[in-house]
Amino acid sequence: MIKVGIVGGTGYTGVELLRLLAQHPQAQLSVITSRKETGMPVADLFPSLRGHVDLAFSDPASAALGDCDVVFFATPHGVAMAQARELLAKGVRIIDLAADFRLRDTAEFERWYKIPHACPEVLAEAVYGLPEVNREAIRSARVIGLPGCYPTAVQLGLAPVVEAAAGELIERDGLIADCKSGVSGAGRKAEVSALLAETGDSFKAYGVAGHRHWPEITQGLNALGGGPVGITFVPHLVPMIRGIHATIYARLTPSGLATDFQALYEARYANEPFVDVMPAGSTPETRSVRASNMLRIAVHRPPASKLLMVLVVEDNLVKGASGQAVQVMNLMFGVDERSGLAHIPVLP
Amino acid sequence: MIKVGIVGGTGYTGVELLRLLAQHPQAQLSVITSRKETGMPVADLFPSLRGHVDLAFSDPASAALGDCDVVFFATPHGVAMAQARELLAKGVRIIDLAADFRLRDTAEFERWYKIPHACPEVLAEAVYGLPEVNREAIRSARVIGLPGCYPTAVQLGLAPVVEAAAGELIERDGLIADCKSGVSGAGRKAEVSALLAETGDSFKAYGVAGHRHWPEITQGLNALGGGPVGITFVPHLVPMIRGIHATIYARLTPSGLATDFQALYEARYANEPFVDVMPAGSTPETRSVRASNMLRIAVHRPPASKLLMVLVVEDNLVKGASGQAVQVMNLMFGVDERSGLAHIPVLP
Amino acid sequence: MIKVGIVGGTGYTGVELLRLLAQHPQAQLSVITSRKETGMPVADLFPSLRGHVDLAFSDPASAALGDCDVVFFATPHGVAMAQARELLAKGVRIIDLAADFRLRDTAEFERWYKIPHACPEVLAEAVYGLPEVNREAIRSARVIGLPGCYPTAVQLGLAPVVEAAAGELIERDGLIADCKSGVSGAGRKAEVSALLAETGDSFKAYGVAGHRHWPEITQGLNALGGGPVGITFVPHLVPMIRGIHATIYARLTPSGLATDFQALYEARYANEPFVDVMPAGSTPETRSVRASNMLRIAVHRPPASKLLMVLVVEDNLVKGASGQAVQVMNLMFGVDERSGLAHIPVLP
Amino acid sequence: MIKVGIVGGTGYTGVELLRLLAQHPQAQLSVITSRKETGMPVADLFPSLRGHVDLAFSDPASAALGDCDVVFFATPHGVAMAQARELLAKGVRIIDLAADFRLRDTAEFERWYKIPHACPEVLAEAVYGLPEVNREAIRSARVIGLPGCYPTAVQLGLAPVVEAAAGELIERDGLIADCKSGVSGAGRKAEVSALLAETGDSFKAYGVAGHRHWPEITQGLNALGGGPVGITFVPHLVPMIRGIHATIYARLTPSGLATDFQALYEARYANEPFVDVMPAGSTPETRSVRASNMLRIAVHRPPASKLLMVLVVEDNLVKGASGQAVQVMNLMFGVDERSGLAHIPVLP
């Protein structure tokens, strides 16, 4: 059994990790920490876990994280990097669901997150945890920077056309990712802006002057494309709890205009357990992946245009966060990549 | 493996049965019928099932239901009773999620459902499928009338105090069940009254002049109580998808005033895998059981009153319908009652 | 023109007061204060008011409230009573939308609100601002304690049967008010419990051990009834923004059993501009009063019971708060009671 | 007083017309028709109108529409064109909220709406009812084809940069309008796809292979631009009742790169009573225009791109339909354009 610790279990990615790991056949929940809720049984905070999780929250200071095989950080950025060295020294592997190990460039990290990076040498060895792109590197990684929710959707939506081999199909400048997310993406934080009375029955864009997921997306696409890719990323807030929908636009080159993208996407993801290329003409709904680790893609050629349009849906808390974290853990510990992730989406 | 057929798989109880049965370790989905969608792959109608259910809808007329071990009817009332005799003759057991086998008295059935009962002799042997009340009879039943969603919540909320042994604790007349349901309870039917633009961001009572679940609740409480119990049942519509919340009020007798109801309820349900008596003072949320077969109960004594108040939550599509159907199937076929029903609720 | 000041304009009752008063033909918005947002144009915080409200928030300390004819307190409890004496001394009349002047008994106030009452002599002259019960006293009042949202619905739902003249129709003990509210009732405060991801797509009871509106309801019913009335009040949270629905149950006396309640209610409210007794058999929806000052009532006799059931809907921010405040202001200043309150409900 | 008739008053644009016209100081509701609800008081179907609208639905066949000054068609397409000739002959002016008089080219109409056009000569004189573009022509029109909800948002979002004078600022090919709408846009029709249980807590694109508003948008932009404009239009469905949000992308030319678009937009709409150009950096929410006729625009230059991005919000039932219809009526009858349209948006 993989001994698992979770730092910061009181947020949405934390409770989702608990839901997934509590029934994982090869994982054993050992420790879960919360500074604020130390001593409280987890199931008192989240009654949905009654009968499934018997742990109480531990004090982060005294928690036996060093005895774990792997520790998930379901915390704000800045926490994982403060503890990484010590845990690694004890032989613990790390999966950070926040941003500490996503951006390769510490200057870029500091520009967007406004704090110095605490352990550049750990960052140097960290692996970006997107299995469909990085599977082999993940298997042997000691530290994982797990992709953000939007970057997962956008990168998987574009990988088949951005990857070097296919690079001449689209114009690499001027990509647009018009993205929409449910409010759980904002986390379980006391903020007026996420109240039901503020966000219910309404819709808006946000973060248009610059969102932290933009440099991450750009870094990922550049790596995939073997050169600079230019993308405009506009997130919007949807009055729903879970789900991300990305609507991605790319201008086609002459050779792109002659390409069968349905076939290209199906081939690219043929062996991926958690990417579903839908039949031509589909318009996937976020609910079709609710509470599951599946990501669905539909490829379109809008009428009377020279555009490729890609629609992507995922559950931001599962494939966009905790489910992907478990998928990565499975790879790191050599168990079936699908283990603990077989949930059928909940519809309606 | 239990060979399973489903009649009427295009509604919400149908798709929920599919979600549960597709991963049931002892069940094998064999046939699913739909008059309207004959020939269509199930996963085309419900993309959430892609990769999990490979069946297509069959024509009800020609479907090989007779080869199944058990057939679920996820249909409007009137369908199961038309096919029951023939299926029973072939040795197929029947679980009807509609109302054909709920009310013992055909006159009562005909008064509320406005059609004659097609097979009173089958009704005579049918068993009411509420495991917490009827477990032994269910094991050997050939035909199950599965409880309605509201009746499940109200009967389990009141069983501990209505049952004969405890009968003197409350006044058996004048019980009130103020119930609230999400809109999936209205089914997947084209009706203006269930549009998001009609039911969203609003709240109302309905069916106050007489709802079909009222005679069912009354019949069940009378049976539990060994005599007449009088209850007022008022359903309300909540702008959410899944979930039922029952707020039940009973006036206490002098001996009721001296009773420890927390202890009584905990004792009554101590061995029930799908009934959770919450700690004193709890106010259960419907989301704490979302997409799971668990039903949670909290018992209160409102201040400055002589009332007992019982709060009950369930997912109307799971413990209130398809999950309970699977629980009943497990009992009928001698497998672990919890088999295929281990889902942790989805929160948030 | 009535010169109006608002203390605490950044919450939901504040912005609703602004919506109503900005178009009131006899009112002139003069001052609006906010400690936190001093200097910010109101329309920057609430873009819905762009072009309608040109004021900026003033510092409460320096604000010219003393020049106003009336000051509304749209603040948490405790604020109005701290400023009441000084404003009254300057001839300013006060309408407090919070709880400082609701409960007649300072001991009761202190028991529920955990702070000493700062000005018992002002409380002594304060009038409870429920026009349908207290119209004449309101006209000449200097200080108004405006009813809470739930107490407005419950008292108007019960007034016709509790009032002394009608008092023998119901048993005055054991009344039940099962109430449901949208989340704007919790205010515009940064609290995890009111996030969309916490309250969306879910339903629960809360405050069952004792809610602050309970002593207010009891005080009001006692006054209406000329003697002690016993009521159990259970609030629930609905995943919607605006709206309160009260489902009220009363046991009928023999003379109640012979009473035509439809006629009684229609007669009682025949001349009320903001109470609508709906036709027999109606089940009012909260959206039928959305964004308007109307309160609708339907009266029922549940089948096979000796109960009276009253359904009441109101918009908690209008008739349950800011609209009622304007109605009261109209009475105090001798203008048409309906002035500024003609809005037709917004449906859908 | 303007004598007003409404054909088809049972849908959402119909009830919204009633809300607006019932309080319009220069309009008098004379006739409202519904084939299905003939004889029913309007306020029985829509209790929100109790006390405000006393009319009953009339039989369309016998209704005295010929005595009206203006008739609004709040019907599916095909109805207005069948009655237009006869009404015009009687001197009645027509405002069609459906599509019969939107597309100038009957072949285009027939391609998208699959029925022959019944009165091409009426179409020839019809005026497209977008006041910000067509104000003078509207004043004297006998027949108005009112813009669709999406086309209103997209055309007003692009007019300042597409209009001939400004035409060289953007590349006229490859515009993208990524649009999002609440579900009331689908109308008050019994369809499974618009149920709360289908559309709640989910998000999707639809109509991507070709939506009827696309040729209308293209026709409008071509006219504004004095030449062909190419746009891709992708609608999405938001789990909310009212509201449209358009996110529009255009590639800038070298001269566009040097343009102050904030100033350009502010100048273009400086005198428009119902278009609000928000301060630089704004991200308008749909709720900021809820239940009002205001449309708000924010102009952005996404970082590290050569794009112009325009965000537009409107209430699809008001500025996107019934409010715009009233605005047009005001122009046609020479009353203040803002008459009856002063509502402050309802927030929260």
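First chain written, first letter: the chains are A, B, C and D, and each begins at residue 1.
The definition used in the following text is that contacts are C-beta pairs under 8 Å (C-beta built on N, C-alpha and C of every residue); 3 or more make two chains touch, one makes a residue touch a chain.
Everything numeric here is computed off the predicted structure, so don't read it as measured data.
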{"item": "Chains contacting each of subunit C and subunit D, listed by label", "value": "A, B"}
{"item": "Number of hops, subunit B to subunit D, where each hop joins two touching chains", "value": "1"}
{"item": "Taking each chain's C-alpha mean as its centre, the one farthest from subunit B", "value": "D"}
{"item": "Between the pairs A-C and A-D, the one where more C-beta pairs touch", "value": "A-D"}
{"item": "Chain centre separation (subunit A, subunit D; CA means) in Å", "value": "39"}
{"item": "Geometric centre distance via CA averages, subunit B-subunit A, whole Å", "value": "37"}
{"item": "Interchain centroid distance [CA atoms averaged], subunit A/subunit C, Å", "value": "45"}
{"item": "Residues of subunit B engaged with two or more neighbouring chains", "value": "12, 182, 184, 188, 197-198, 200-201, 239-242, 284-285, 287, 290, 348"}
{"item": "Sites on subunit B touched by subunit C in the complex", "value": "174, 176, 178, 180, 182, 197-198, 200-206, 208-210, 214, 230, 232, 234, 236, 238-243, 245, 247, 249, 251, 281, 283-287, 290, 300, 302-307, 309, 311, 313, 348"}
{"item": "Complex contact set, residues of subunit D against subunit B", "value": "12, 182-184, 186, 188-192, 194-201, 239-241"}
{"item": "Residues of subunit D touching subunit C in the complex", "value": "12, 15, 19, 22-23, 46-52, 184, 188, 200-201, 241-242, 276, 278, 282, 284-285, 287-292, 294, 296, 317, 342-348"}
